[in-house]
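Labels A, B, C, D, E and F are assigned to the chains in the order they are written; within every chain, residues are numbered from 1.
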């Protein structure tokens, strides 16, 4: 999926500034200061060193722009593109000092975000035969949630709640505090803002039945067996969305999808990610 | 290694604030607002769900403190401790609303940082028979470098350059711009601040010999064969530190260590990390 | 309604800091510097000068705490309380300099937020006989949305979308761009994240019928006559929430409520607010 | 009055950034993301829906510029202009996504600031026959003082103290602490920086006489009857400026002006403001 | 003069945080990390190494508090105190790591601010026989104005304008643009806010006479001879304050004071300052 | 030395923004608001009023750019240039309001930084016959370290540690805590990161001998007599750099240089600086 709009720049600019600040300290790039002439320029190429999905280009573009507005960044494969080993994803042309100073930070963004997009795309491919969505969770890297959720979109996944303030998710703790499932769900359905969805987590079919009566927007089926998932799907005659989570990995995801749930949410999409290897080379 | 001092709080506070801000939006925790009574309190336990090394506790402590100073955080296994499945690492006691609002952010910090410490410790264990250090690189998550470098320390590794402003690393690009190895290294040795170390990257033994004559503080042997590494080690009669990098993984690291290099630096320590699973449970 | 949890302090602290910074300039309080002895202390009382609903106390408390942690703030009528002329809402006791320096900023927060809560409560009272909610919009004062939405809660209203990122609202512009109501609503229902509600705005009964077929979570009936509103209510057999907006004021709100809509949203709750007069007096 | 210089952009940029950040959350505009093609462009017009004075355009311009520098903003009636229902104040032309994402924030600034300018202009018109100034106070919305004071200028009013650090205002609290009017005023006149004006508040003619002897720059006549105001004016033979405050509204302001005071300061100019209705329409 | 109130902490906290951030980088204090045991504590003493006036203690106190709230700071000679070589100004007691990490930053604040206070006190002493004030200018170190102006107060001087937004100063550029002294001064006297003082700069007696007719609050006599200053003083029968500036140094200041001007403003108080040497010693 | 690269703009932009914010308050430039027509433009020239070395131009350029991007700044003598009285260093051309609003802040940066560069150059000139470096310390103005260290480079000096996180310096406190020189130095040499230099401070020849055995990268000879310095130089047969500090001034520096030490570090370079006088004139 390549048709995801960029994030508002105002959202990612602080992330990029922080990254550059922590890399520049009080003296900038000591090495470039000594060795790179002011007039040296170059064109360098972002080359994929594996097969996957690109993400993080927007942050990379901003990284170079903040280091030196004279750098020209050209994108050949925008965020969300599938690339293979050797694909030239983008190029940067401009003062060599700026290119060297921005390189590591830009690659750190791209490597992580492309890693997320690529991992997401693998899960999505595994469930392709089924009418099911792969979704991220709030298990994102602190401070980078907007970019990481966007990377999940680039990989073909969905974003789920953006924050605690976006939607309501009732978990076992809440149920215990409220005095039982019925009380909890009733309280939430009555009190929830009309623009906020309500999701309730269950881990048995018995609980599921209790909750389903209240017709929440979503029921989260946590760590349930394939049989139990199937039973819940069969019981659901309403518009309620069924979301499975827990124990999802490359081996289990297709079977979970086959149960008929609507959404499978996976923390690993953003919390256990292999860097996608991209080089910045001279040609 | 459990004797690593904490970071200055002033360095990590902005990281924690940002993480909470992105999770709270404009309304805080919609679910807790509706379901958790103001007076509810609880004691919850951070329980390890695997075997590894703890890191990120300092950020977790600050997370709870910023959400509610009335939360009492008790640490049983401080950052740098080895834990196994089921170990109670720490506890939090206080208002239930605060506990639920801080939980995800605290675990996001701990999961990632403990993942880094655990991965580092595995590499360190692999090279235990040898007198060699495992070191991180600048391939860190944008905005979290201080915490991630500290996590590498917790795992028994070393930190390497903190930023472009800390030390000098001459790479092929610089050498080309300077007109050859000799010119580049001479320029750097002459111009470098007396408190900044100089490292020069080479990828052949021939280059190594050229560079060694200048006695830089460090020579980085990039992507060289085991034979070549051994040859460099044999040639080095000086105080120059030899650092190997490139192609390092769990299968290769011991052999690289056996060549006699002083340091092995590994980007994956911070850029390709599995979350270390920690739960926050009622007892 | 007095049982609204406070906002996370981390959300309002930047608002309070900015307010104090703009009031302190580079010299602090010139007058107190010259006239108030360091040792002078006092107890002052927040006294209501009208009948209404209190809000903004949380910000006021933080204002004094940030000016001087030695100020003791005691709350008698918490946010959400109804007060009348002469009610002592709270007291502050501590160094006179701090009290005088924080006074104006604290009152600016309380006057505006209590004004919002009071206005909301008036609308809520007008529709009391009906099963309908009064809701705010995104027409909030730039930079103060979290506090103003909370003030609406204190007045008995509801918050609506917190941001563009919380839920989906399809308006006429979107429909035109998408090539008609059907296409727009279909695209949104297919693409919307499973945790995000979908609202579609219509301004005629004809449009309403088209949209209703898609069963969005909410249909916003904009600037429609009472007859048209009633017709929409009659047509709605689904779970779809009907929200009326446009031309809502103290004279019209009860009639609109009587049509049977579920929600009435009112920009004026936050954009056209009379300050609620509170004094800070010596006794 | 249309000849008021803009504020330094550096002063208002943080206000605009905060407003956009709170409206964008972690995902930006969910609706535009789904429905607005990247290539869609439009020209939209800011149209006045009432009679009043424009203010806040500078913030609106910056809002669009920060969302997308490719938006072209054209101003037909600059800040300070009188407009009537239907007047086209300005236009924006550019990518539709950017226009929709910035719209609400820009209008929130313009609606509030134009509301202040319009209210100020009404007070100014009421006192037109008299040689008197209408001035704002420090009762401004926290975080927006610079913009709100500027809006008062746009409406033909004056700004008064910008902060506690700008000038000295001695009130009853200070007088009590200093041991009486004479002591307080003497201390202040002796200690005040030579570039800071001194104002002393009185609420009786007797106090006024005591204070006048010290020839402060300004005497603030708080909540005094028209007769008392006239008496003060008659007694004043010096350069001392007389400022009336308290109980000022549309019905009383002309009579207060007729007493001959130099300045009338009104908290309501900034704390009790009706939004000035401006639409952003397609043509 | 020792009775100057402290600045609001909110004003200086950002200055202290920035100073610590730039000194801590991403790893904190490498040396203390390696050598100082967590349990080591100490008491250290701020000892004056010269004769002068203390300033900057407030920033120093906050520096230690931000590094570690467990440090106990005790002040023996508060800001504004005269000290001599060997005077123990204050002590800090607490964890050795914190003491070492905060030491340099705290001393940097104290050294510079005490330098300013000491220099000011020397000028003040030179003019002691005369009824004249020594005042600072806006020639302060970027980002530290509030602290530096306070240091001038500690030294017995006065602060002058805090910012361009505090008061009006008409200089030759403005006069040229306005079409002559009369036009400029008339425009300013008519337009100036009633709470803002007006100062007009002149450099000849002829100009002085022209300006004096308008009775501005202050006339700034720039770079005028002693004779010319005396002539201006003789001509001034009004409340207008006369301020001399330009060419003021330790040798000239007493003669300038003897002319009878009211204020002498000196940029050097804040822009050309010798560090006041203070050590942090073990006993 | 004129060939010093500029700092990354991202590093100095916050410094410039803060400086402008503290100078603009809530109203900007009151005087320019009243007297300078929007359409007035001018060309002004930065003219040196003394002999010295220019620094701070990069901050000055950014100051004008942030106030108004329409100002055109032209540099004739870049940072690091030697200028004499009357030299035109640079020009600014653009709207008069912007020029006047930025003038003081730009000159505050240039005056201080050129003062540092000029002072450094004087020390460098004094030691010209010797093969020795003049270096700064961490005794910099809080918040401006990056700019001040760069100014030292412009003056021909060297920067030394940028922060506590850059390199290791063992002082007497550390040695005492570690239980003696040998233990301290051994611990540090063993634990120091391989990219961090180690410096050890001594103040007697006896200590020097003990430390030299460990071959640290640098030995800091603090406050030692010329004879002692010479003895240390004679004893040093290794690559260890010898740095002298303490009691360095214009009269002593050449003799210290003559002892043969490699580096002389001087706190006064950044903590006791006379402003370098630069005017901004009409032609």
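Here is the rule we go by: contacts are C-beta pairs under 8 Å (C-beta built on N, C-alpha and C of every residue); 3 or more make two chains touch, one makes a residue touch a chain.
All values reported here derive from a predicted model rather than from experimental measurement.
Of all chains, the one whose Cα centroid sits at the greatest distance from that of subunit B is D. Residues touching across the subunit A and subunit F pair largely diverge in numbering: under half of the numbers involved belong to both copies.
Comparing mean CA positions across the assembly, the chain most remote from subunit F is C. Put simply, the C-alpha centre of subunit B and that of subunit C have 44 angstrom between them.
Subunit D has its Cα centroid 22 Å from the Cα centroid of subunit C.
Residues of subunit A found to touch two or more other chains are 22, 24-29, 32, 36, 101, 145-146, 159, 162-163, 165-167, 193, 196.
Within the complex formed with subunit E, the subunit C residues making contact are 17, 20-21, 24-29, 32-33, 36, 38, 66-67, 97, 101. Those residues of subunit D lying in contact with subunit C across their complex are 14-16, 18-19, 22-32, 34-37, 40, 59, 96, 100-101, 104-105, 107-109, 111-112, 115, 138-146, 162-171, 173-174, 177-178, 184, 187-188, 191-193, 196, 267-268, 271-275, 282.
On the subunit B side of its complex with subunit E, the touching residues are 3-5, 7-11, 145-146, 149-150, 159, 162-163, 165-166.
Of all the residues in subunit E, the ones that touch subunit A in their complex are 22, 25-26. Interface residues of subunit E facing subunit D in the complex, by the touch rule stated above, are 133, 135, 158-162, 165-167, 193-197, 199, 215, 217-218, 239, 241, 243, 262-263.
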